[in-house]
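Below are structures written as structure tokens.
In the two complexes that follow, subunit A is the common piece, with subunit B as its partner first and subunit C second.
Right after this comes the complex of A and B.
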């Protein structure tokens, strides 16, 4: 709990010359769930894309497990143990569910060694994927694809999972399932940095949170502090 | 020769030639499907390998077909170097740049061959070149039969690698979702390198085959780029699996037109234009994945 696994200092970035993120500072510790909440267009997805190397930062530093990974390529960051479950899910539609998971295990020698064990673990975490193991991933429902995206990321044996809007477009019962799985993943010692629009749900799951507005972090604190905060109540929890 | 035998012979001739087409086109399809790279210089690798086949046989008496593993390895490395030095810098620049670059390389290599080897057509006569086997009155050229068998072995090998191996799964993953693949740690650079290596390697094997049943001359490859494009367009851009049947259709229709149309052999050389046209009309908006 005490050593930060992810340390972001003064991170700025965006797309081309369009700056979206301004001087972000945040930390995630070993084995905890931290959420980043904010309205549509606040820069949540961009933040994750900067962290996983899909976008190059304009300035600032990203340290993962004490190593500066600023400007690293996404594949190299994933191999170090930080895996991004993107908003679009990006599953391999023309491959079976099992093949999708096997590709995840290609990540590192460690992940490949543990392939069978991890496969059992994720198939128990999402039993529906076991039923669909030999089905093409493109034929899965939205919820199943989301589960597959998380499961595939877990196959890389990550130390930190970056999860972007897992509830997007899913039925509430399915979202419950996904959040339950994330809690279990955390219980296994994987830290999670969660980006969500469903503020109530994410604050319930996470221990701490950051609030992003127009590319700036405007608030941070433990989940209970944030849940009691007047601004949060008014803007996001609608009470 | 009876009408039935003529039909059978035309069919068999078409099937026998389609192996080379499939081999040449699968490389184009792989480069397009995985690397999203349209390689107009693809046929020139065939041409270079055809000259190599002729050189190996006429200077050292080495059979081009037996040299396949060596030549494939050599051209695999050449393909990897080609990727690193010429392809990679233009990959992000867009299709027009790729087309201009590879068209330029194609012309450059054609003229280089013209300077080095002259414009004359070169052939070799391997011992089995004119040998045939007959079944039911239909002649199977031994050389063409061997070439078809080798093509089948290589294509089945490629599909097995794509379907069943770690590297094959990585290649398909990068082809389908480059970003998703990067996010689970797959090095797309390595995948592109391997894909281009296989593509150029397969082109070289097709070139060795050409040296046996056809000939080498500076322009021989470009024809295969065009025919390969026809096959690839018909199969669905980048679809490595559709290449087989599209090659069969090309080979068989060429053969039938050559046999049954008056002045047919002249027309059969143009059938691939029809395939491109038909393919583009039918599949106007589809891009396939491996």
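Right after this comes the complex of A and C.
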């Protein structure tokens, strides 16, 4: 079995005095895709924000590649190899597609040295971005922006990608493209922790999954186990 | 290709004009030129902070700190002129980093208020330590280069050239990427490895250094200053207005803004004896309404200037 790249123990967190996440325990292994599924408001995005350092945890520990990164600044976590693809994409609209990618490459001296090679790789992964390279990112369509957000995160040469709702607001055909790309990324040895509302698609892509409800993990297992689970079928898969 | 060359012709002409200006004009225009260049340094320094999305009122404080540190080390410790400038810059770096660590985690309006308080505190300190600073009476130093304005002009032009070099470096290096990213979305930038606090601190410190140099130059050039003048908020506000009107986040913008506004201001002051500030204010309002990207934004409308 692979060693865990991400280990979260008893993580709690929230906003101000409002606690959203309660005693989360989860692991992601090298090079696998794990998904976190749950309804609106279950705390999925908050979980990712805690992992990437955008929010400070109330308690608990986050270990990445064996190093405790609890309370680290987001930039330092990104440099260690965990990069967050935020919900709603958050691309830099006033910059060109190429500049957006360069911001990612600026993450560490190592990523900057590999810039050209990584850029070739991501532009082959998302050929549409190659055509748009010198266009302002704000002029891209929603799907293209999502691809850019993922490509930009890949420019940091991550070991683990935290992807928040990549399907949000996209046409099904575009979602297929994005998910295909994620599978390819995993094939290149990058682990992915995926947060999604589209449960069916996520479980097809991921090897394992966690189910989040009201800030608690209520179920976990391999994707096939979860897909057969009565609760999941009833609540999320509408079978 | 022709247009591409025109831009360089304009820049070259501007450099030559700036170089020969003090030799072809009289004392009055030399004086005006010197103040304009000083404001260009201030406007550019304000823009350095703005690039990292910092609206700072600390420039007033650093201007006064530069003026007082340079004057006092020159007078009381007998430092040579340039060493007194260096002392002012060193102190400014220390103060800027300390202030930055305390305030840069604040966002937007809270940061602006904290920097405003900093400038006001320095004003009070300068007023309340008469033994050191001369209190409300201010300080006097011997005139710069024995009153030879040509040399003063060259000195401030040199400081501006340094600021321009720093500005171009910021525009062409990884700072540009980080700054633009932070301005759009600090959160998204930080999860991509942009250390927002470090970049803000760098831009804040660089910006403080040039405000300080302008202040140090100012006190030696005018030979006397009082706290209410050296720590006057007008300085910070004027540099902000010049940067905004000229065009933010660029090298040419703040410099152009300083030149144009200084010329308009002086022309108004001479031709309209009373209430010229009202007309000046109206021009500013019109400028901001009709040129949202500043004077440098005009070149995008007139393609031939590109």
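Note that the second predicted complex is superposed on the first by the 238 of 239 C-alpha atoms of A that agree within 3 Å, B and C clash if a C-alpha of one lies under 4 Å from a C-alpha of the other, contacts with A are read in each partner's own complex, and residues count from 1 in each chain.
One rule holds for everything that comes next: a residue touches a chain if its C-beta (ideal position, glycine included) is under 8 Å from a C-beta of that chain, and two chains touch if they have at least 3 such contacts.
Bear in mind the structure is a predicted one, so any value in this text is a computation, not a measurement.
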item: Combined model on subunit A: subunit C and subunit B, fit or clash; value: clash
item: Which of subunit B and subunit C A:92 touches, first, second, both or neither; value: both
item: First (subunit B), second (subunit C), both or neither touched by A:132; value: neither
item: Partner chain(s) touched by A:44 [first = subunit B, second = subunit C, both, neither]; value: neither
item: Subunit B versus subunit C as contact partner of A:201, first or second or both or neither; value: neither
item: Residues of subunit A that lie at the interface with subunit B and also at the interface with subunit C; value: 52, 54, 73-76, 78-79, 83-84, 86, 90-95, 99, 102-104, 106-108, 111-112, 152-153, 155-156
item: Subunit B-touching residues of subunit A, taken from the complex the two chains share; value: 52, 54, 73-76, 78-79, 83-86, 89-95, 99, 102-104, 106-108, 111-112, 152-153, 155-156
item: Residues of subunit C defined as touching subunit A within the complex; value: 174, 177-178, 180-181, 183-185, 187-198
item: Subunit B residues touching subunit A - in the complex, by the definition given at the top; value: 166, 169-170, 172-173, 176-177, 179-188, 289-290
item: Subunit C-facing residues of subunit A, complex; value: 52-54, 73-79, 83-84, 86, 90-95, 99, 102-104, 106-108, 111-112, 152-153, 155-156
